[in-house]
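One chain, subunit A, links the two complexes that follow: it is found with subunit B in the first and with subunit C in the second.
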Partner chain A sequence: MSIVAVLIETTENKVKPANFGILTAARETGQDEIYGFVTGVDPQMCKDDLAKFGVQKIISIEAEGVDLTSKPDLQAKAIIAALRQYGATTLLGLSSTVGKDILARVAAQLGAPLVLDCLSIDLQKRTVRKPYFAGKTVANLKVSGEYFLCGIRANSIEPIEAQTAAEIGSFRAEIGDDDSYVITEVIKNESGKVDLSEANVIVAGGRPVASAEHFEMLEKCAATMNGVVGASRVAVDEGSASHSIQVGQTGKIVNPKLYIACGISGAIQHYAGMKTSQVIVAINSDKDSPIFTRCDYGIVGDIFEVVPALTAELSKQSA
Partner chain B sequence: MKIFVCVKSVPDTAATITVVRNTGFDESVKFLVNPYDEYAIEEAVSLCEKVGGEVVVVTLGKPDAMATVRSALALGAHRAILVTIDQQFFDSGDTANVLRKIMEDDGKGDLIFMGKQAVDSEAMQTGYRLAVGLGIPIASEIKEFSIDGDKVCVEREIGGGEKEVIEMTQPCIVATTKGLNEPRYPKLPAILKAKKKEVKQIALADLGLSQVAAMELLSMEPVPERSGAKILGGSTSEAVTELVRVLRKEEKVLV
Partner chain C sequence: MQSHDAIYMTVKAILMTGLLLGASGYFFYKLKFLFALMNSVEGKRTYTPDRIGERVKVLLTDIIGQKNVRRKLMPGLAHTLIFFGFLAVQPHSLVMMIEGIFPGFSAAQVVPGFFSLYLQVADILAFMVLLGLGYGLYRRTVLKPDYLTNGLDAKLIILFTSIIIITFHIYNAFHLVLPSHGFDYSRCFTVSGVFASILNLSSLSPAMQQSGLEITYWVHILTIFGFMLYIPGSKHLHLLASIPNVFYKSLDIEKPIMITDIEDEDAETFGLAKLHELNWKQVLDLYACTECGRCEERCPAANTGKPLSPKKLIHNMKVELLANGNSLVKKEGGENLPPLVGDETGSITKDELWSCTSCRGCEDICPVNIQHLDIIFEARKNQVLMEAEFPAELQEAFSSLENQSNPWGFSEDTRANWCKDLDVPLMADNPDADILWFVGCAGSFEDSGIETSKAIASILKKAGINFAILGTEERCNGDMARRCGNEYLAQMMIAENVEIFNRYKPKRVLTGCAHCYNTIKNEYPGFGANFDVVSHVDFIDELITSGKLQVRANGLSKNITYHDSCYLGRWNGKYDSPRSILSAINPEGALREMDKNRDNAMCCGAGGGRMFMEETQGERINNVRTREAIGTGADIVSTACPFCITMLKDGMRDNEGTQEVCDIAQLVNAAV
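Coming up: the complex of A and B.
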């Protein structure tokens, strides 16, 4: 029986829900043992969540006298030592900013191939599907060599539970310290918010949403669905939203179940950032706006009327 | 300072991509400097303008990539090296190996800038492999950059509104993203000057490196566009009632 290792990302000592889809993909053959690698977090705090999604062993990756959370190159070194120790040649993770960075360091140090931003993977055939050209095409790739390393896009795989009895263990790597790359500080802004790239519901605003008050209107709508707020490039360039919530080719690529575009014209570069959304809803006062050819449902109207009405309707309990 | 900038020639993001012969695409579209590499060029050139030195562009591309190399020179780089290859998609490990050899042969740089990813094959990892090849650190998705003595200080956003502040030793690789700076528009004098700048062209075979090609592109499919948008009519109240009903009962994306 072989082992599939999965890099587990946590925030505020909790397992990020986006990991559950990755774990589902890891269990593809039904015959592999799933190891969840965690770093810098008490594995006990992850146990219930990880056991629910099929992790048999939770391994805390550590190194004596080295802070792995501030030194991703050393974290990668420790992960490689753990893979060798367990004889694991498959490593999966989230294709998040942090995940991509760690996976790339592991792949580079191993000299092994890596595919990031995968939409789906096949562990048996060692093939993956990922976007090329900012989502204009999908590439099918075959990976050869000893290792199969994949970073999977959040929300691209439906999470399926598989309750196991998870054991907790630790792996202590023997590696020297190194100061060539050190994270000296992590500045938190609005902690607790799910990152756009992992959100399941997004309400995004365009040009007409020109102020903080207007964005509050979108926040209220999003809150009824446990969603988050996004913005188009226009809104960001005009200063009414931070670049960290920009959706689009030069912003974030998002993959929610539901994307509500409010006052967004639907330019190709914005669409590239959200086109894999399961359902796209457009609200715009201009009936000829391109967004209406790129959505599933549209309402032609003034967003300042429609969005509050939508919020009110969503607040009612479902029948 | 000697600064290398790795630049890729890629199709314009506004271009239509037509898949040909299962694994290729119609390359008659307009090619230009990879957008993320523009921030890299700008940062390198601005730094050289302040502290002196040279900015050397390195590109792996088909012979047609020469036009893109000239564009990079027009943005202020001093000279360039173009390694000619036969295909647009080239394994990132093999790419990093070529870049490493070029930099070792030309004389290693004090800094290397490059975009965080190319907008065509989007591997997002070439810089990391180059870093290991050269034995130096790399930081990616960088929006802030400064030099403090012998250290490089950079910042990157990691999602959820959080930022990492990082210190690296020099030499190092900085992979850039939007927000780092405002790339300049090349003016005519710069474009004309670029035509006279030195571009050393080397055929891949002449480097004597073997390719691993650990990934095979089996096929590429266009993504079908969404069609048949349903416009919900009636009053605002009727439209939102219907929308919520559909989202809950039919699409089942909401509880």
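Coming up: the complex of A and C.
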């Protein structure tokens, strides 16, 4: 039995749901002890979520007199100290903006290999699957060396619950402050909701829903599936949605499991941003709309009838 | 009295000599400095003045003929009047100077016949300047068009010129009332005679008349010297720089983007980072600008509330260049200049740089042939290749081009899927085809583009053309990446296409997209692929004219408007063939031209990579253009570029227009 450490990402004191797939992958052998590393957050706030997905120990990583969240180099240094302290050689994380930053610093400071953007991992063989050429080919890579560091793509592993009783501990790294660079400000997008590019379910609206109250209709529908709302360029231009939720060539590139396009014609500029969705459902009153050539399921109908009906049915099921 | 006169003449001669030497000395010193500054810059491009005959002809039409300036009629006429009148009084002023230095000399006595004739002409032409200036003043005080910089500079120039001309007339008016020494001034001065009677000069005493003549003399001469000193530091430097700038202009409409040697291992920087990296012709461009604002009046970005104005861009660079002139001439400090592009320092802000649609309206209309886009493209290269600074939206298009060779990121092995049921032959199966049709990314992947491609395929079949496409061997032509400054990515794709072209050695390359056409026709030769390239508008026109394509009797009978795509129009001069096609297929309908058509056409907003950027500032360009199209009352809005179609279709939806937007090939296919 060895220890698998997972770098847990949080947002506003909550564990990002994208971590659950990573934790599922970490439990793969069923014999390892899972440690969740958190920084700059109250570990108590993460306990329930992490325990549900099998984390045995939540380690809050701290350092005397240093705000680790604003000093990524020192955070990496502290993580390395923690890995050494617990004798862990495996560190998993999300291949997200934060993950790519911190994992790369850890790898660089350790002089260890790092694989990002992994689709799946095999802890015993120390191999990973990783796409190349924009997903046209997938390679199996074997990672050699003492450390096994991987960043896993969000939503690529199905999260499976495995309740444990997580124990909370803290690790205080003996590192001094230094003048490495400091993050002075993080500019967040306006919506403050789940980042579209990490969402599992997206309900997106186009021209017909280009008003705030119509977007509420989509939000209600999305809420039944723990999804988020996206928008086409037109809806953003009309001012009813912020650019941060625009899906498309010049907006967000998303790859949810389910994408419901409501009143979106499916022009190439929009399709380019969501074509990697696992399942695309289109609702449009124009049966000749190009979206119907690009979706898995198409509903020809008025979105103002179809969406509320869908919301009602989904609420019934979840209730 | 006699001795007083003699003393005055001596003093006048000495003063005049001193002033002439001083003013000319300073003038030539400033010229030498401007010339040295022009030679101090390090940009590589060398301009060889080839085709001298044609260049001389351009000088005759554009400078002597003032043809280019008169593309804007009223200001152009005013300019023509001022230009000739101002030139006409110069010999007279020179004679005045010589007569001041050598009191015994008098042109009226030496060459009376010739001088008389000259004065007759100059008198009339000088008055024309006043008419021209009058219009100029009216334009600047009453009309006040937005695009015109209305600063002190312009007003001073009008003032200087007016004083010179008015004193010319008054000086000559005094000659009419003073003893003529046998020279008949009365025949020469039609206009000055009017000045003499209005001012009632004959009522003055002879002594007053003589003093008046001398005072006018000095006001005239001193104003000329003042003007001479003022010119090199003002926008009127245009007076000196325009002629060489027009002489060195690019004689052809077609123009490739400069090739950057990305393999050069000694290169420390790519693109245009700082002012001292301009080339001498670009410095001459800056000198030649007189802020007439025609570029700004045309610019689709400036007209829809974007921060870019081509005039401001050139002017700001000129100001920055002159401000740093001394250190640049000494070849020190070029590297210490602030970067050309920057929001705090520098001459061009990032928003300005990326607002450009590369429609080329500015270059086309510029009366002195300034090449704004040479600067914009090179500055974008520097931003992308050296600074990695570009609008975030472009990242996705760049990586899609890199991975899949199309900006939307569709799998490249689906490039030929649009025609899988259409029996369109591949070059691989039909290498001897007469026509290699380069379909392009939009034609292969984008819905409206595919409709156009299907129409072209059908036309080619109806006309019995032996053609083939490259299918999955085709790569993006590189237009968007190049115009967005990603020269490295563009050259990668171009190299692949060039290799495949050279393998098939096509007899002729047909394109269905304005951007593909421009790049393959004008830029691929620089990369080693020199083939006969034809745009679908020219090719279809040929087919109809030669009778290979028979138009149905009566044709379409619709009211149609045609939107000139910039890359067929201003970049390649293809204005006639689409219109010729429309009149052939629509004999009973009408071509409803938009107000802005042909070389004056407004861009759809998608060029220069703007298709793949968000348009968040001001009004959307495509909406403005679409409203113009709707305003023609046409049933159909036709064009010949897939990006234009996308923009106009979007504009049609935003403006709730019901007109059909389509490619001219679709109309042809419906009419044959």
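The rule we apply is simple: the second predicted complex is superposed on the first by the 211 of 319 C-alpha atoms of A that agree within 3 Å, B and C clash if a C-alpha of one lies under 4 Å from a C-alpha of the other, contacts with A are read in each partner's own complex, and residues count from 1 in each chain.
The rule we apply is simple: a contact is a pair of C-beta atoms (placed from the backbone, for glycine too) under 8 Å apart; a residue touches a chain by one contact, two chains touch by 3 or more.
Because the structure is a prediction, the values reported are computed rather than measured.
Legend: residue contacts after superposition of the two complexes on their common chain; A:I3 is shown touching neither subunit B nor subunit C. Once the two structures are superposed, subunit B and subunit C can be ranked by residues of subunit A touched, with B on top.
Applying the stated contact rule after C-alpha superposition, one finds that A:V247 touches neither subunit B nor subunit C.
In the superposition on chain A, A:Q269 contacts both subunit B and subunit C.
With both structures placed on the common chain, the touch criterion links A:R207 to subunit C but leaves subunit B unconnected.
Of the two partner chains placed by superposition, only subunit B is touched by A:S180; subunit C is not.
In the superposed model, A:L94 lies in contact with neither subunit B nor subunit C. Once chain A of one complex is fitted onto chain A of the other, the partner contacts of A:I59 are absent, as it touches neither subunit B nor subunit C.
When the shared chain is aligned, subunit B and subunit C each come close enough to touch A:K136.
Of the two partner chains, subunit B is the only one touched by A:M225; subunit C is not. According to the touch criterion, the shared surface of subunit A, contacted by subunit B in one complex and subunit C in the other, consists of residues 133-134, 136, 243, 249-251, 268-269, 272, 275. Interface residues of subunit A, counted against subunit C in their complex, comprise 133-134, 136, 207, 233-234, 237, 243, 249-251, 253, 267-269, 271-273, 275, 290.
Listed in rising order, the residues of subunit A touching subunit B in the complex are 11, 73, 96-98, 100-101, 104-105, 107-109, 111-117, 127, 130-145, 179-198, 201, 225, 242-244, 249-251, 257-258, 268-269, 272, 275, 278-282, 287, 292-301, 305-306, 309-310, 312-314, 318. Those residues of subunit B lying in contact with subunit A across their complex are 11, 13-14, 16-17, 19, 25, 35, 91, 93, 96, 119-125, 128-129, 131-132, 136-141, 156-169, 172, 178-179, 214-223, 225-227, 229-232, 236-237, 239-241, 243-244, 246-248, 251, 253-255. Interface of subunit C with subunit A (complex): residues 393, 396-397, 399-400, 403-404, 407-411, 445-447, 612-614, 616, 620, 646, 653-654.
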